[in-house]
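Each chain carries a letter (A, B, C and D) given by its place in the written order, and its residues are counted from 1.
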Amino acid sequence: MNACIRAIVRIGIARGLDIYGIYGGLQGLLDKRFEQMKARSVSNIVHRGGTCLTTGRSEEFREEEGQKKAARILKEEGFTGLFALGGNGTMHGMTKLQRYWEGQIIGIPGTIDNDVYGTDYSIGFDTAVNNAVEAIDKIRDTAQSFDRVFLIEVMGRDSGAIATHVGIACGAEIIIIPETTTDIEDVAAKINAGKRRGKTFAFIVVAEGDEEGDAAEIKRKLSGKIVEDCRISVLGYIQRGGNPSHFDRVLATKLGAHAVDCFFKGESGVMVGEIAGKLSATPLIDTISKKKVVDIYLLGLVDALSI
Amino acid sequence: MNACIRAIVRIGIARGLDIYGIYGGLQGLLDKRFEQMKARSVSNIVHRGGTCLTTGRSEEFREEEGQKKAARILKEEGFTGLFALGGNGTMHGMTKLQRYWEGQIIGIPGTIDNDVYGTDYSIGFDTAVNNAVEAIDKIRDTAQSFDRVFLIEVMGRDSGAIATHVGIACGAEIIIIPETTTDIEDVAAKINAGKRRGKTFAFIVVAEGDEEGDAAEIKRKLSGKIVEDCRISVLGYIQRGGNPSHFDRVLATKLGAHAVDCFFKGESGVMVGEIAGKLSATPLIDTISKKKVVDIYLLGLVDALSI
Amino acid sequence: MNACIRAIVRIGIARGLDIYGIYGGLQGLLDKRFEQMKARSVSNIVHRGGTCLTTGRSEEFREEEGQKKAARILKEEGFTGLFALGGNGTMHGMTKLQRYWEGQIIGIPGTIDNDVYGTDYSIGFDTAVNNAVEAIDKIRDTAQSFDRVFLIEVMGRDSGAIATHVGIACGAEIIIIPETTTDIEDVAAKINAGKRRGKTFAFIVVAEGDEEGDAAEIKRKLSGKIVEDCRISVLGYIQRGGNPSHFDRVLATKLGAHAVDCFFKGESGVMVGEIAGKLSATPLIDTISKKKVVDIYLLGLVDALSI
Amino acid sequence: MNACIRAIVRIGIARGLDIYGIYGGLQGLLDKRFEQMKARSVSNIVHRGGTCLTTGRSEEFREEEGQKKAARILKEEGFTGLFALGGNGTMHGMTKLQRYWEGQIIGIPGTIDNDVYGTDYSIGFDTAVNNAVEAIDKIRDTAQSFDRVFLIEVMGRDSGAIATHVGIACGAEIIIIPETTTDIEDVAAKINAGKRRGKTFAFIVVAEGDEEGDAAEIKRKLSGKIVEDCRISVLGYIQRGGNPSHFDRVLATKLGAHAVDCFFKGESGVMVGEIAGKLSATPLIDTISKKKVVDIYLLGLVDALSI
C-alpha cells in the first residue's frame, strides 16, 4: 500500500494537486483525521509493508447515515476527489458514497486475496503468496525429515487465488478451494495413492473458506481415511506484512500513477487495475457485481504435477 | 543438523575413521538402515535445514527388548562408536543403550527447544528463534496498521527459552513461559496499562507449554479482561526448517568436530556442548537428570523495556 | 528452471512420453550426457534455485560442425523432440540446430535479464529482481544512517529491464539503462537538486551495460559534479540463485506444461511464452530478430516519484 | 543499534534518568544536535537495522580542540553520563574525551567487524554474518549449476572474524584473513587438489584487508595457477542493514541494560561487553590497546571440512 500512497502523493503534487491523507480508513474520514501530505511525508516508505496511513473498519459508515456524513465532510472540507485503496468491501462502500457525494471517486484494488473483479492482480497478493511459499519451504524441511502429510491453511475466505498459486509453487498434491467442489474421499484416495507410488511426504493446501471447512475440519474428516495422520499448519497473519515484493511495489506505483491520471481525465466511479498488461478503469458497480474467476488452467495441472 | 553430520563425516574420515550414516533415527538403527558415508556424501548440505539422514520416532526402542536389539546390531556390525544427535529424548535413549552396548556413545545436542542441560545452545535453536522473529516482524506490520493485541504462540513444551529470546527480540509486552507462574490478571493489567500509556499495539509471546495453557486457552482466559480482544498466531512448524543461521552452522561444525575429538580421546557416555565459550563433555546422566534454567536476567528486563 | 523441468518431466510422463534430461547444456548434448527422468527424479526441486540438470557453455556447438554433430546424436538416439531452456543465446542455437535436425524444437525463455522477445516475463526475472530489491533494502539502512549517495549496479548487459523494475521498486532517483541516452550532467543536476530539496540520501540504479559505462565508470564521471562522492555497490551474482519466487515457479510450471502441449500439437521451431496473460508460441526466428522494448511508462514516472 | 538505544532509553527512564539522544554521532555532539528521548521515541525500532539516531564521522573531534569543545558542551548542558556505541574508533575517541570531561563514559561495542577487545561479540556482527551467508547461499546455486570457483570478499579491514564465520558456515575451501599469512601457491594447490578429488565448485572467502590484497588482487595472483579462472563477488554494503537477528537484538538489549546498570554503579571509562556468557565492563584503555584474537580452532577445521 505504501508504494501506492507514495505514488499518488508525489505524482499528484508534481501535477499540481494538494493531497491529504486520511488516517484510519473510512472511520478516519468520519472522524476528520486528515493531514496534508508533502513529498517528504512519503519518504522511506516504498519498501515497507502495511500502510503509513493505518486502517480500520467502520461500523458507522455501514449505515446510510454514516455515508451521508462522510459525503458532507468531504464537501465541507472542499475535497474534489477521493482515492480509495482496499478490497471488495472498500469498493462496495464507494458505490454507496457515490450516491451522496459528487466528487471524483477512484478505487485502487489492494487486498492480498486477489478477489476483486477488474484487475489481474491486486496490490499485496504477490507478497502474500511469497510469504506463504517461504513459510511452506521451511515446513518442507521438516516434512522431508519426518515423512509426513501436511495440511496447510492459507488465507482466502471466498477465493482460492492464494491457495492455487501457493499450491502450484510449493508442489502440493492437492489444492482445496471454495470455487471447486471438495470430495474428501477423493482427497484421501490421492494421498494414499501417492504414498504407494513412493512419495515420502505430501502437502495439501486449503483455502480457509472451503465449503468442507478449514484445515482443522478437513483433518477431522480425513482422519481414518488416510494411512497416516496429517499435521496442520495455519499460516495466518504471517501472510501479510514483510517488505513487499518488487512486483507489488511496481504494481502499486503504476496503479497510483494511473489513478492520478484518471483523476485528471475527469473519471469517477471507477476502479483502476491492470488487465492483460494494460492499465484499466472498471466501473465500481462492475467490481462488486461481477466475480473474479479462479485460474482453471493451473488447477488442471495439479494431478499431473504430483504424479 | 546437516552441518554437524558433515563435520563428523569429513573430520572423521580425515582422521582415519570409517563412518556410516543411520537413516531414520533409532528405528533406522533397529532396521539396519546404514550406509557408508564418503566425503562427497555430505557435499552441498552445509546450508540446508533438516537432516540428510532423515529421522523418526521408535516405539520399539522404548522397550528394553528394542534397546538390547540395538546393542546387538551395533556389535554384530562391528561399530565401535555412536554419535547421537537429538534432544532430551535422544540423550535418555542413549543412557539406556549404554547398559547393553560397550561402544563409545557420544551425544550431540540438537533441538530447537534449547532445553538440554550441558550446553549453552543446542543446534537449531538460533535458527528457530530467527524464524519466529522474522514471522513476528511481519505480523508487526499488520498489528501497527490495525492497532491490535497479538498473542503469539511459539514452541516450547517444557521450556521458555524460545519464548524468552523471541519476546525480547520482538519487543513483547509480556512473555509467558512454563518456568514462571503466569498470573492472568497481571497480564491483563499490563496490557490495559500499556494502552493507557498510548501504546497502539502489543505482543504477548507465549510458550506452548505454559501451565495456564496454550495461546487459545490464554486468549479465552483474557477475554473480557482486556479492552480489546486479542488475535492469535500459532507459529508452529515454520519455526523449524529454512537455511540455518551461521551461528547454528558454526556451532554444529564445532560440536561435530569436538565429538570426533572426544571419540579419539576414548570418551563415552557423554554429550558434547559449548559452555561459556568452551567446548565441553557432560555425562549423559547429568543431561537427563539436571534441568537447564531459563535466563532470569532477560525476563527481568521485560517490564522496563515495554514502558 | 527446476520448476519448469519438473513440469515437463511429470506432465510429459503423465501424457505418455519418455523424457530424458541432458546434463550440462548443449555441450552435454554433444557429450551424450543424457539420463532418463522419472517422476521421482524431479522430487523436491520445485522450490530450489539453479537447475538440477546443470548447465554450461559450448564452444563446439558454435561451429557448424558441432551443430551437425548435435543433430546426428539426437537422431541416432531416437529423440523426437527437444525442449530448450535459456535466453537469447539458446534460442539462437536452436535456430541453427533446426537446419540439421527435423525433430520438434520448443524453446522456453529462462533468463534473469528478461530480454527475450516473445514473452512478457522470462523465468528467473522475478526472483532476480526480488533478490536485488532485498539487497538494496539492506543498503537503504546504511544509506539512511550515513546520508549517502549510492550507485548500485544490477545485471543487464543489453537490457534495462532489471534496472527499471529495481529502480522503481527501491525508489531510485535515477535509473540508467542502455536503451536510453545517459546524460551525466543531467544525472548530477538531479542528485544535487534532490539534496537541496532536503533528501538525505539517494539511489542511482545502473544496468551494467549502459553506454556510459558500469557503476565504477559512472562514479568516475560524476566525480566533482555532485556535492558528495557516491558509494558503489555491484550486486553481481547474488541476483541469481535463492529459492525462486512463486511468480517464477508458477510461470515456469505453466510454460513447461504449455511446451508439452505444443509438442503434442506438433509445433516446432517455436518458443513458448506468456503475452498479456495468454500462453503463446512465437517462431524462434522472431525471438532472435526482434527486440524486446523497455517499459517506457515506468521510466516516465521516475522524476515525479523522486520529487 | 536500535535495540540498544531502546534499552538504554526505556530502562534509563524506568530507573529515573532523563535521556537525550545525540543525532549524527560525535559531530552531532559538537553541533548540539540533542533531543530528549521519551519511552515512545523508541517505539517500533527494535526490529530495524541501522540507527534511529543516525551517525557520521567527525574530523573536528579528531583534534584536541574538538575534544575539548565536546567536553565543554557536555558540561554546559549538564549531562552527567555518556553512552557511546561504536567500534574501535569510538572507544578511542572516548579515551580522549575522558581527559577533558569528568562525566561517566560508558562504551558499548557496536561494529559488524567484531574486532573490539572486551566482548565476545559486538552488536551487528551476527546479523552481518547472516547477511553474508544468505548472499553466498544464493551464489551457491549459480556455482553449482556452472562448476565454478568463487572468490568472495567480505568485510574486515583488520580482522578475519567475519571471514572465518562466513567461511565455516558456507563450507569454504579456503579462508584468507589478515591475521594469518596467506600463501598464494598453497591456495592454488588446494583448489586444484579439490578439483582432482571431484569437487565441482569451490568457495574462497577473503577478508577485504588481507595482506595479499582484496579479492580482485588475489584473483590476479591466482591467475594461471588454478585450472579455471575464478569469479569474484564483493559483498560490500549488503552485509550491513536488514532487520537484525534475534542474537543481535538480545545482545544489544542486554548490553544497553548493563550500560545503565554500570552508570548507576558509578562506573566510568569502561566498555560493557559479554565474555564467556557473563556481562562485563572492560577499561576503555584496554579495548584500544589489546587486540582481539581470531578463532584458531575454527580455522584449523577448514582443511578437514573441505576434503
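We take it that a residue touches a chain if its C-beta (ideal position, glycine included) is under 8 Å from a C-beta of that chain, and two chains touch if they have at least 3 such contacts.
This is a predicted model, so every value here is computed, not measured.
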item: Most distant chain from chain B, judged by the mean position of its C-alpha atoms; value: C
item: Whole-Å gap between the CA centroids of chain A and chain D; value: 40
item: Length of the line joining the C-alpha centres of chain B and chain D, rounded to whole Å; value: 28
item: For chain A, residues that touch 2 or more chains besides their own; value: 137, 140, 144
item: Touching pairs among all chains present in the structure; value: A-B, A-C, B-D, C-D
item: List of chain A residues in touch with chain B within their complex; value: 48-51, 54-56, 131, 135, 137-142, 144-147, 150, 231-238, 240-242
item: Contacting residues of chain D [partner chain B, same complex]; value: 3, 6-7, 10-11, 13-15, 39-40, 43-44, 46-47, 120, 126, 129-130, 132-134, 137, 140, 144, 165-166, 168-171, 197-199, 243, 245-247, 249-250, 253-254, 257, 275-278, 297-298, 301, 303-307
